[in-house]
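Each of the next two complexes has chain A plus one more chain, namely chain B in the first and chain C in the second.
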Partner chain A sequence: MPVPEMLEFFVDPGRCIGCQACIQACSECDTHKGQSMIQLDYVDRARSTQTLPVICMHCDSPTCAEVCPADAIKRTEDGVVQTARKPRCIACNNCVLACPFGVPKMSTRMNLMMKCDMCYDRTSIGLKPMCASVCPSQALAFGTRAELAKLRPGSKPVNTFQFGRQTIRTKVNVMVPMGVRREIVDVTAAMYEPTIGRDILDDAFFEEALFEEASLGVREP
Partner chain B sequence: MSHTTTDAPVPVGTRSVPPDGASPRKQPRWRRDFPIDWQEDDYVSRRDLIKYVVLTSGAFVVGQLCVVYKSLFARRATAFEASAVASVNELAVGGAKTFAYPPGSTPRLLVRTGARAFVAYDQQCTHLQCPVIPVVEQGKLHCPCHNGWFDLRTGDAIAGPPQRRLPRVLVEVRADTVYATGVEDAAT
Partner chain C sequence: MNASKDLLPMPELELEVIREFGPTLAYGSGLRADSGVEPDRYVKTHCCFCGQQCGVQLAVKDNTVIGIEPWYEFPFNRGMLCPKGIKRYLQQAHPDRLLHAYEKDPGTPSGFKKLGYEAAIRRVAEAIERIQAEHGRDAFAVLSGASLTTEKTYLMGKFAHMCLRTANIDYNGRLCMVSAGAGNKKAFGIDRAANPWSDILGAEVILIAGANIAECAPITTNYVWQAREHGAKVIVVDPRITPLARTCDLFLPIKPGRDAALFNGLLCLMIENDWLDHDFIERHTVGFDAVRAQVREWTPERTAAVTGIAEKSIRQAAEWWGRAKTSFLLHARGIEHHSHGVQNVLSTINVVLASGRIGRENCGYATITGQANGQGGREHGQKCDQLPGGRELGKPEHRAYIAQVWGMSPDELPQPGVDAYEILRKADTGEIRGLLSICFNPVVSLPDNNFVRAALSKLDFYVAIDFFMSESARYADVVLPGSLQEEDDGTVTQTERRIVRINKAVDCPGEARQDWHIIQDIAQALGRGRGLTFESPRAIFEELRLASKGGVSDYSGVTYERIEESFGVFWPCPSETPEGVPAPGPQGTVRLFEPGSWNPVANGAGPFYFPDGRARFQPTPYVGPAEDVDADYPIILTTGRVVSQFLSGNQTRRIGPLVDHYPEPRLEIHPRLAARYGISEGDWTRVESRRGSCTLKASVLETIRPDTVFIPYHWGGRKSANQLTISAQDAISKIPEYKVCAVRLCKSQAPPQYAEVLQPQQ
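Here is the complex of A and B:
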């Protein structure tokens, strides 16, 4: 049974309070084999309490599946990208490296890539995913668009992302402030902007690029 | 492998969109053969099923015909020639020696069971090809690998894992020499 079409997932990082309830709940889902597939990112831990729950965005054109050499990652008819199929997964980690959102996780214990499958056993019968059912601030919300519009008059859902030249449309929506004009979230645009407070570069490619630019006289190092 | 497709824009969550965004029809063959969507991955077209069934059954039929051909026509063309393998006095009663018959065969075992009585069998156990050892006082041949036993008089398997009897080499005593004259088929 597919996930009902009118029910959608909405992530609102601004509402996340970092309580980790979603992480605990995720591991209790029947399809997750006791493994939690949500990770909580700290945006700038030294200066801010802001956290950010990362769940699978369920892309229209899943990069994880595109790079899978074993044809193991499949998308169901309702657009939910499932955990790699056990008989096929060769634990090569391609999907882990390729996913622009950093979602797939390699379970070395099982030699299997496991990822958020939107609690398929629950959502396919109309229930909320575990994380959305426990999230106290509803940073992870599951419901209809109309419900969300009523609850969050100040924000709107966006589901198109830009990673360099790759445009990604996703099944899961991210809530952005209503005033934002752009319909596309350019994720990598701010990648090389210096961070606030601590300016430590650990990107060898970027350092190389800077060095080249300096040697060509384009920019001072 | 894929379903009938149209060029209409694909709504979100119905079919995965290839990275180039082109219609599914314009995608390369490999993409149609390894679709990302579960439904299309599981989908088997009628033509593919028929192809699979026909080719598989065809392979079985060819295999059976090979077996029939082998059993009907692939018998040994030339008769065995008698060849001397030992002199009577060479072996004491109860003694044994190995020989090859016809030349180049697997080792055969010649056993002297009486004054002018000799038997010969293939030395390889019919279970897993270990060499068998004659136990003349018990009238048996023993394979020590898995404790298999054969009858020394007939070569029949009498105990242990072997199911088939040992191939028998026909021997004949002429004057003071033992001649091998033929090999009985292993299959009973």
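Here is the complex of A and C:
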């Protein structure tokens, strides 16, 4: 049974609290037990507690599959890009290097590229993927567009991304503030915007906190 | 080996003990690692860790829990789980699990040798008999815990008060819930969260004080975010930018230990701007005038100077809170773990009462419980001054009722005893000679734990009931193998005060026994088994229903069936109500203090639990921390949790994937402070207080006040933050002041000795 069309995946990094429930849940999957297919990183821990979960975005036209010389990576009819087929995968690493989102992982132990298949065993029978089931902040959410629109009136889903000259449409959506007019997230352009991720937190404790410089004094123990 | 012992002069750090009993790390292996394994069954139950008590299904095959499956129907968490809840199954069938009783034996490498279960019970009974005969009944003490089911906590109270007849029983909620409990009783006459969490969703302003929700109560995050999606403003009071504070609307970076000052300042601004609900104050409260007079001096200027928060932020918070139509105030250990924790709690209640926003939909107040049964565990008689149903040992009519339920004379019940820390002080002075502990790891969890070690070492006899050889059990003369949460049935009362069912998934392994069996076996061996012959947790619950009947914490109308049918029942849930008073619905009393609601104390006079039905404003004069910084110890230390570990780590430090997430405690320090000491990211740093010292790696972060450092407390031995903390306690609640003490720092020239010999979790 294919993934019911009305159920979609939504990622909202603004909600993420970095708890790693998604990683722990992903590693419970029957097909890759003990190993998580999700990356969750601090953006800049020295400055902020902000974290960012990355799951496979399930591209309409997956770069990983396009660069695969062995034609090992298949996309299901309902748009789920799967782990490489074991008999075909030659562990060349092309997909790992080419994916613009940095998703596929090479299992050197198994000589196989492994990645998120959106818990196909669950989603194909109408259950939520494990990560979106457990996520305590619902930064990873799974449901219908109508449900999401009702739950999150202040944001909207976007599923088109620009990497230089490559435009990518994905099955997975990223939530952006409703006020954002662009319908495309230009990832590479944003990398060069100097203010991103900096302004907001700069000097939080200098603006908002009062403390005595004298109390920071160093004394010999 | 002897050299190592010299390097690590703590019994729990002797390498042979660690070699035999861990903590070692469990990862999925065998059945748990195989693909395509179909479980025999799924057991609907709840997480064994925090007070949220998320519903979860345990996948069971061949008497082993092999994994988890979300339980989407359970309304509190609807399938959501934090990393601890997902990996908790790895604690079961763990290689460190105690399968036998042990007794101390200096002749063995680890210092312990196996002992048959029956022989161990006999040894314990003989020791209790001897100590009580020689030194009096109160010389034998009991330390219990709030991660136990309510049935077990009821049994522990009955065991202490009726079987041992000792005054000295207390529990580890003393480290956790007591400031909130005492504050709630003083202000509302009842110790319970006022509202279900669904009331968070519709609140206009959510004020979170001293609660690292994202890491300590992760599921609550979605409630807060969901409220914000619909326009709620989120205000966070914390010395650190916690993950939830990162995107809050207003962050109040308070200096640890100054909470009452902040809330007095907020109330001062509410009064000055007339952001008050005069009608509510007039009709439903007493004591406002005294509080008004007392907070007058808390001008924004003074509040800013004391709290370390910019004045404009204080004004903004007061305005948002003051003008809101609906609101929810949540607090947790951050304001409660103080030598004036009750005052802090009352200061937050004052701003709630002044706003009149309580007892209605989307108008709420609650403390977030820490332990699995942080609520139920503090209601039914294992606190030093308490009897079941929230009754008091000091009240003759309460003694009479319980004595009648138990079939004994009220005169045979002991008088109120002393709190958990005081029990250890009495062990130190020799007044208490014997101790039984269950579900309590004081060597890691109590402050100034070098003192705790010394006190435990002085006991004539110490018996610990535990499922793993905890750091504290290593001090015991006899260790009895108890049960994990998944090995027993029962109920717990979670953070919303919803009573939920814990369902047994697997049997106890080896000679391990369900805790209530062990306690009853000891009572039998003492020849004092009367009243302790229950055959099941359900039988205990049935007696608890009767024992709680008519008390404030009334469970008499609650049954296991009703809990399962309604996804939990909120107490109070009396089996009978007076004529004309409607009985609570199937879910019990979901929201407290609703207009026109009846309770047995006010008896119709008003919604609050006092004879006049009115809530109490209480003056909350600000008093600073017991130990403020000075020239010798110039830095504030505060302590807390990380998301992947739980309490003293006796369970979570044995679960591989959780340890990998955050392996060892690190010192969080602001770069400005770090620069003063020449400390860089990852440097070994020595932290020293008047009570002990600790050398940890530094994490240099801008997310903490520059005058404060933070250490998570889940580790034992030389890594324990509680070597440094102070045992100063709140005068009313007796909660220790974990959240603030004075330390000094220096960059360490060499790694600590433990770094060479111990694994991260050890």
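Heads up, the rule we're going with is that the second predicted complex is superposed on the first by the 190 of 221 C-alpha atoms of A that agree within 3 Å, B and C clash if a C-alpha of one lies under 4 Å from a C-alpha of the other, contacts with A are read in each partner's own complex, and residues count from 1 in each chain.
Methods note: a contact is a pair of C-beta atoms (placed from the backbone, for glycine too) under 8 Å apart; a residue touches a chain by one contact, two chains touch by 3 or more.
Note that the coordinates shown come from a computational prediction; the quantities given were computed from them, not determined experimentally.
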After lining up the shared chain so the two structures overlap, which partner does A:Gly79 touch, if you call chain B first and chain C second: first, second, both or neither? first
For A:Arg88, using the defined touch cut-off, is the partner it touches chain B, chain C, both, or neither? Pick first, second, both or neither. neither
Going by the contact rule set out at the top, does A:Arg145 touch chain B (first), chain C (second), both, or neither? neither
Between chain B and chain C, more extensive residue contact with chain A: C
Considering only the touch criterion stated at the top, classify A:Arg169 as touching first (chain B), second (chain C), both, or neither. first
Pick one for A:Ser133: touches chain B only (first), chain C only (second), both, or neither. second
I'd like to know which partner A:Glu66 touches here: chain B for first, chain C for second, both or neither. first
Taking the touch rule as given, give the residues of chain B at its contact with chain A in the complex, in rising order. 12-14, 16-19, 34, 36-39, 41
Residues of chain A defined as touching chain B within the complex: 5, 60-62, 65-66, 71, 73-79, 82, 159, 166, 169, 171
Within the complex, chain C is touched by chain A residues 14-21, 23-25, 27-28, 30-31, 33-34, 45-51, 128, 130, 133-138, 151-155, 201, 204-205, 207-212, 215-219, 221
Residue set of chain C touching chain A in the complex reads 27-28, 32-36, 67-68, 70, 72, 79-83, 85-87, 214-215, 218-219, 221-222, 225-226, 229-230, 241-247, 251-253, 255, 304-305, 308-310, 313, 629, 631-632, 634-635, 643-644, 657-658, 661, 670-673, 676-677, 681, 686, 688, 699-707, 744, 746
